[in-house]
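Each structure below is given as C-alpha cells.
Across the two complexes that follow, subunit A remains constant while its partner is subunit B and subsequently subunit C.
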Partner chain A sequence: MMGRFIIRRLAVGGIQLFVLIIAVFLLIRLLPADPVARFVGLNASPEAYAAAKSNLGLDQSIPKQLGDFLGVTGGDGLLQGSLGRSWVTGDAVAAEVARALPVTLELLTYSFLLACIIGVPLGVLGAVRPGGAADKGTLVFGLFAGSQPEFSWAIMFIFVFFVVLGIAPGPLGRLSPLTDPPTAITGFMTIDGLLAGRPGVTAEAVRYLSLPVLTQAFILSGPIIKMVRQNMAEALQADFVLYARAAGLPERQVALSALHAAFAPSMTLIGVLYGFMLGGAVLIESVFSLGGIGQYAIRSILAFDYPAIQGVVLIISAISLIVYLLIDILHAALDPRAAL
Partner chain B sequence: MSVAVHDAPAAGDGLLKIGAIIVGLMTFLAIFGPVIAPYDPTAATDTVSTPPPPLIDWPRLFIAQFDPEIPAPHWFGVDAAGLDVFSRTISAPRTDLLIALTATAFSFVIGVTLGALAGFFRHWSTELLMRASDILQSFPVFISAMILVALAGRSGVNIVLAMTLLYSPIFIRLTRAEVMSLRNRGFVEAARATGVSERNIVFRYVLPNALGPAAAQASVTIGFAILLTAGLSFVGAGVRPPTPEWGLMIANGASQIVLGDWWPSLFPGAAISITVFGFASLGHALERRYGR
Partner chain C sequence: MQMQFHYVSRLLVTVPWIAISVACGPIAPDRPSEATLIYLAEDVPAGLDYDGPAAALPTSQTGMVNLMEPLIGYAYGDENEDGVALPDFETFAPRLSESWRYNEARRSWVFKLREGVFSCAGNELTADDVVYTFARGKSVSGAIPVGWFLASTAGVSGFDASVFEDEAARVIGDAVRRVDRYTVEIRVSGRNALFLPIMTTYGMLIFDSKETQKHATDDDPWAHDYVNNVTAPGFGPYCLERWAKNDMFVMRANENYYRGAPALKRVVIKRIPQSSNRFILVKSGEADMAERLTPREFSALADVDGARVAGVVGNETLFLHMNFKTPPFDNLKFREAIARALPTEKIIRNGYFGEARAWRGVTPSTYPGFVDALDEDYYDPDAARRLLAEAGFPEGEGLRGFQESLRLAYVAEKEATLGPIATMLQTALREIGVPVELDPIPLTQYGDRQLVKKDLPFALNDQEKPVVVDAGYALSLFFASPDAGGINNMVNVADPSVDAAALAAASLPAGEERAARIADGQRRLAEIVAWAPVVEYRTQWAVRDHVSGLTWHPDNAVRFADLEIAR
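Right, the complex of A and B next:
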C-alpha cells in the first residue's frame, strides 16, 4: 500500500521534473538574449563572435543542444549525472551547486526552526480563544509578517544590530574573511566547525547567521502562524473535541488532542513552504553575501550562464519535489487516509 | 468542506478599513505622486547624503511651505546621488503599483476564463491545461521571474508578462474548483432547460457566481507582485535606474547603510511594507466575506 503510493508519487514527480527541465532549457533559448555578445563584448569581430558561439555550442541546432544536455548524443549529460560546465568559471555546474546548496539549506533549516518556535504557539493561542485579543493580535501579526519585503528588513536589521548597536557582525558572508573555514563535510558551517574540533568557528558561524536567520524567520512566521491557526481551529471543530468536552476533559487536554490532530496538515504546509523557500531565499542570501544557491542563481542569470541556470532550476525543483514526497510519506504515516 | 474559522468580526472589519485606506492612498499616489512631488524624482538636487530634518521641526517646516519663496524641505532626506528620497518614494507607486496591477489583471482575466472552461468542460485540452499549470506552479517563482526578465530584457512590460505567466495558474485552479462545485446546481439545469447555450451558461450564469475566491486572491497577488517587482530590481533584474522604484531605491541605499545612512532605504522599505500589508489585509477581509 505504502510502497505503491511512494512509487506512484516518485513516477509523477520524475515526469514533472523532466518536463520542467526541458521547458526551462527551451525557454532560455527562445528568449531574445544574446549570451555570445555578453562573453565577447559588443565590439568583437564577426570571427571572434562565431568562434565564441561555436565554443558555447550555440551554433548547433536546438534539438542537438538538448541532446547534448540530456546526454543522449554520446557525451556526458544529464543521464550520466553531469549538468555541464559553467560558461563563466569553466567548472562543473554540479560541483558548484553542491557547494552552494548546503549554505541555503543551513539558512532555511535554522530559520524554519526559529519561525516554528515563534509561530506554532502563536497560531495555537489564536485558535483556542477565537475572537480574543490574542486571536486578533496574532492574526494581524501573521498577515503583516507574511507580507514583508525581507531584503529591506535585512538592511534595517544590519543598520540596528551592526551599525548602531555593534552586537552582530557585518553582512560579509558566513565567517569573518580572516577566518580559515573548516573542511566542508556537511556543508553546514555550524556543524563543520564542531566536526573539525574548532568550536570557535561554530560560534562565529552562529553569529554570522544570526541576522539572516532572524530576518528569514520573521518573514516565515507569518504564513506559519496562519496555517497553524487554521488547522488548529478546524481540529477544534471536530466531533472528537465535542466528545472530549462532553466527557468533561479539562480544556488543556482538549487543546492538546486537537493540536495532535492539527499536526499532520500543518507539517504538510510547512514542508511545502520549505520547498518553496529554496528558491525564495535569494534576496536574503544576496544582502548577507552568504553564497547560497539563490545567490548562485542571480550570478548565473545576470551573466547569461545557461548551463548554470539549467542546473540551478533543476536542483531546486528536484529538492522541492523530494521534500514534498517526504512530507506526503510522513503525512500518510501519521494519517493513513492520505495515502488512499 | 467548509469549516467556519472564527475571526472576531471587529478584527475583520478593521482590516478591511485599514486595507482600503492604504490601497486608496497608494492608488492616489500612483496617479498623482509624480505631480505632487516637490522635486524631480530623477534629477539630482544641490545636496548629497543629507539626513531628513528632525521630526520636531516638521510642523514648522510644513507651515513654512505656505510661503512660496521657501524651497521644499527634503522630508525623507537626500541619497548619495543627490536625489530627493521623498519625491522618489511617492513617485514610485506609478511604477510598482502599475506593474503589479496590470500583471494581476492579466493573470486574473486569463486564469478565470481558462479556469471556468476547465471546470465546466471535460476535454483532453482542459486536462492538458491543468497539467501545464502544474508544471508552471512547480517553477521556483522568484528565480523563474528573474530568468524571464533578465533574458527577455529588463523592462516593465517584460516584468508584467513574466508575472502573468507565473501567476495565472493560481487563478485557473481557484476558478476551476469553484466552477466544478457549481456545475451541477439547479440553476444550471434550469438555464439548460430553457435553451441557453453551454457557452452562455459558463460565462453568464456560472462564472459570475464563481469569482469570489479568485477576487480575494487578486488582492493578495497584487501584494506579492509588488514584492516581486521590487525584489527583481533589488538584484538588478528589474526596471532600470534611475526610474523611481522602491526596490531600486533600497538597493542604492543598501551600499550606504554601513556608513550609517539609513534614510535612502528605510522610507522605500516602509512604503513596500505598508502597501503589501494593505493589499494582504484587504485580500484577507475579502476572502472571509466572499471566499470559500
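Right, the complex of A and C next:
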C-alpha cells in the first residue's frame, strides 16, 4: 500500500512540476521590460542591440523558445538535464544553483535542528504543565521571537555579538575571505572541511555560521514551540490519554504516547516551514552575506535573467515536493490512515 | 568502501578537535604576512569578457582592468585633498605601447609596443596580440559586441554595420596588421579625435592571444566561454587565483608585470551585498576597503579612528530626465520651470552630506571640453512659478491631467541613496504647484524604458558615465537624434544645432574648431533644457588608514596595482 502511495504522490508531483515550469516560463515573459537593454549597457548601437537579442534567443517565437528550454528542438534543454546559461554571468545555471543551494540547505538544516532541539521540549513542557513557569516562559519567548522581522533580529545580533561584544565573526559569509575553501563535495562547508582533512576550516565555518543559525533558529523556534504545544495539548485531551491515565500508567509514559500522536501534525508543519524557508531565507542570507539560493533568485529576478529564474523555480519546487513527499511518507508511517 | 572508512576515521578524530577549536579559537584567522588587501564590493565580477553578457556591470570591469592592459592610458596628474591621484586627460601615457603616431598618408595609427612584456601565462606581448584583439572584436561573436562598437566609434576601418549582415565582413583583413614583431598598424577612416581616448577604455584591453587561443573550440573559436567564466588572459598587473561567482574574486600579483610587480601581492574582492555590512566591516578593521556605501554611511565613517573616506568628483552626476515627446515635458517653459525649482544646495547638504557639488552642464565638468552653461543663481523658485504660468499651468493648474507623466521614476535598487533625494525633489516641485508622485522601478525595467523604448517621461538618473573621456562623445551619445547617429538619446531631443555639433564632434580632428562646435552644442542643450542637471557627486571609497596610493579612472574601477599597504 505504501509503495502505491509513493508512486501516486510522485506522479502527482511530476505533473505539478511540469505545469509550474510552463507557467513560470510564460509568466516571466510577461514582465514589463525587455531584458536586452541591461546586457548591452549604455553604449550599444541598434546593431549591437539586435545582435545581443539574437544571442539571447529572444528574437525567436515563444513556442521556439519553450522548445529550446525543454530540449525538444535539437539542442540541450531540460530533457537533456540542462537548465541553460545565465544571461548575467554566462555560466551554466545548474552549476550556479549547485553552488548556491547547499549554502541555504546548510543554514536551514542546522537552524531547524537547533530550533527543534529548543522548541520541541519547550512545547511539550508547556502542554504537560499548562500555566506553569515553562509554559509562561515559552509564551513570552514565542511572542518575543515573532515580534520583529528576521532581518531586524539579524542586524541586532550582529550589532550585539560582533560590534559590541566582539565574540562572533563579522557578516563576511561562510568563511574568512583569507581562507581558501575546501573542494566542494557536499557543498556544506562544515562537512567539506572534514572530508578534506581540514578541521580548522570546519571550525571556522561553524563560527561563521553560528550567528546566522542562531538568528534563524531564534525566529523558527517560536512557531515550532507553538505548534508542538498546541498539538501536544490536543493529544493530551484525547480518549486514549484518558484511558492511559485511568489504567494507572506513569505520567511520563502518558506524555510519550501523547507526543507520538502530536508528532505527525507537527512534522507536517515543520516540513512545510522548511520548504517555505528555502526561498524565504533570503533576508538572513543577505544580511550575513551568505550567497544562498534566495539571494541568487532575487538577483536573477531583478536582472530579468530568464534561464536563472526558470532554473531556481524548478529546483526549489522540486525540493519542496520531495520534502512534502518525505513528510507524507513519515506521516503515513506514523499514522497509516494517511496512506489510504 | 575504503574511501568511506577514510572519511569516517577522519570524522572521529577531528570532531573533538573542532569542538575545542570553535570554543577557544580566534574569531577570525590572522592576516597573512604577505601584503593582502580585502576589498568589499556589492558584487564580484560576473564575467571577464568585455564582449560578454556581464560587460556592462561595473564590478566585471573592475576584474577586467586589473587582469588586462590597454595600449595607452592617461598620465597621472595631481593628487586631490584625499590623496587620490587624478588623470591628466590632456596627456596620454604609454602602457603596452611605448609610442604611437598618426600616419596621414596611410590614414593609420602606428603603435610601437614595449618589448619584454609578459602575461600571467608567460607569453611575451607582440603585434599578434593586438591584431588578435581587434580581430576578435570584429568577429562580433560574443554576446554583446562592445569591442566592435568602440572600434567603430574610433573610426577603425571596416568596423561598420556590415559585419552583422555579411560573414565575410567580419574578417580583420589589413585594417589592423602586424608591421613587425613589436609594431602594429591600425587603419582608420580619418583622424578621429575619439581614437586615442577610446584606446584607453576597458573595451580595448589587449588579450594574450596565445593563451586565449589555447581555449578556443570549434563551437567557440574566440574562447568567449573561457574568457567569460575562467579568466581573461592578458598582460595586466594581476593574475586570477580563485573566482567563485556571486561570492569572491581573488587575484595574485603578476611578478612579471612590466611596470614592476605590484606592492599588493594578493587582492581579495569579497561580495557583501548590504552596504551597512560593508560599513561595519571596514569600521571594525576586518576589511581594508569598501565601495558603494550610502552617503550617510560615508559621512559616518569620517568620525571613525583608523578609517577614512577617499573620493573624487569624477564623472558621476545626478540629473532630471524629461522626455521631449511626452506632454507636458514637450513644453520648453515647463521644463525650465522644473529645472529652476530643483533645490541643489539642499540636495548636496541632506542627500549627499556635502559630498557633491552643483552641476551646471551636460557633461562631467572634469572632462575636456565641458561648458559651464548655467548661471550660479539658476535655482529660483519664483522664476520657476513664473515660467510655470507662462507654460500654461499657473500654480500647477491643469497638471492633474498629466498624472502618469509626472511620476518620477528612479532605480529601486538605489532607494537608500535616491529615495531621500527624490522626496526632496517631490517636495520642492509640489511647492511650485507640480504634483509629482514617486515611482521606483527595477533597474532592468528602467534600462529597458530608457535605452530601448525611450518612453520614460520623467526620471531621476545618477548612472550615466560616458566611458570615453570627451565632451563631444557625450554629446553624440546622449543628445544626437537617431538620424544623426544618436544611441542613448533617452529624452528624445531632436535639435538640428545639437545634431550638427554631434556630427562635428564625431568627424573633426581635435582642435579649436571641434572644441568650439562642441561648446556651442552644450550651450544649446542648456537653452532647451535637454536635461535638468542637479549635482556632480563624489565617487568614494571607505579606506583603512594603512592603505594609500589610490588613483581614479573614468570607469571608476580601482587599480589595485597602484595601492600600497602599511601595517
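One rule holds in what follows: the second predicted complex is superposed on the first by the 323 of 340 C-alpha atoms of A that agree within 3 Å, B and C clash if a C-alpha of one lies under 4 Å from a C-alpha of the other, contacts with A are read in each partner's own complex, and residues count from 1 in each chain.
Everything that follows uses one rule, which is that a contact is a pair of C-beta atoms (placed from the backbone, for glycine too) under 8 Å apart; a residue touches a chain by one contact, two chains touch by 3 or more.
Small disclaimer: the values here were computed from a predicted structure and weren't measured.
Q: Give one of first, second, both or neither to describe whether A:170 is in contact with subunit B, with subunit C, with both, or with none.
A: A:170 contacts both subunit B and subunit C.
Q: Does the superposition put A:155 against subunit B (first), subunit C (second), both, or neither?
A: Both partners.
Q: Touching A:296 in the superposition: subunit B (first), subunit C (second), both, neither?
A: In the superposition, A:296 contacts subunit C only.
Q: Between subunit B and subunit C, whom does A:287 touch in the aligned arrangement: first, second, both, or neither?
A: Touch partners of A:287: subunit B and subunit C.
Q: Report for A:38: first if it touches subunit B alone, second if subunit C alone, otherwise both or neither.
A: second
Q: For A:237, decide between first (touching subunit B), second (touching subunit C), both and neither.
A: It touches subunit B, and subunit C stays clear.
Q: Applying the touch criterion given at the start, work out whether A:316 contacts subunit B, subunit C, both or neither, answering first, second, both or neither.
A: first
Q: A:135 contacts which: subunit B (first), subunit C (second), both, neither?
A: A:135 sits against subunit B, while subunit C stays out of touch.
Q: Once the structures are superposed on A, label A:199 by its partner contacts, choosing first (subunit B), second (subunit C), both or neither.
A: second
Q: Enumerate the residues of subunit A that count as touching subunit B in its complex and touching subunit C in the other.
A: Common interface on subunit A, subunit B vs subunit C: 31-33, 155, 158, 162-163, 170, 286-287, 302, 304.
Q: Residue numbers of subunit A touching subunit B in their complex, please.
A: By the definition above, subunit A touches subunit B via 16, 19-20, 23-24, 27-28, 31-33, 130-132, 135-136, 139-140, 143-144, 146-149, 151-153, 155-156, 158-159, 162-163, 170, 229-230, 233-234, 237, 276, 278-280, 282-283, 286-287, 294, 297-298, 301-302, 304, 309, 312-313, 316-317, 320-321.
Q: Under the stated contact criterion, what part of subunit A meets subunit C in this complex?
A: Those in contact with subunit C are residues 31-52, 55-56, 86-91, 96, 99-100, 155, 158, 162-163, 166-173, 176-181, 194-195, 197, 199-200, 202-204, 206-207, 210, 286-287, 289, 291, 295-296, 299, 302-304.
Q: Over in the complex, which subunit B residues touch subunit A? Could you list them?
A: So the residues of subunit B touching subunit A come out as 3-8, 10-11, 15, 134-135, 138-144, 146-148, 150-153, 223, 227, 230-231, 234-237, 247, 250, 253-254, 257-258, 260, 262, 265-266, 268-270, 272-273, 276-277, 279-281, 284.
Q: Contact residues on subunit C for subunit A in the complex?
A: 7, 10-11, 14-15, 17-18, 21-22, 25, 27-29, 31-32, 36, 38, 46-47, 49, 52-57, 140, 142-146, 148-150, 152-153, 161, 164, 224-225, 228-229, 242, 244-248, 268, 270-274, 276-277, 280-281, 284, 286-287, 413, 442-445, 447-453, 464-465, 467, 477, 487-488
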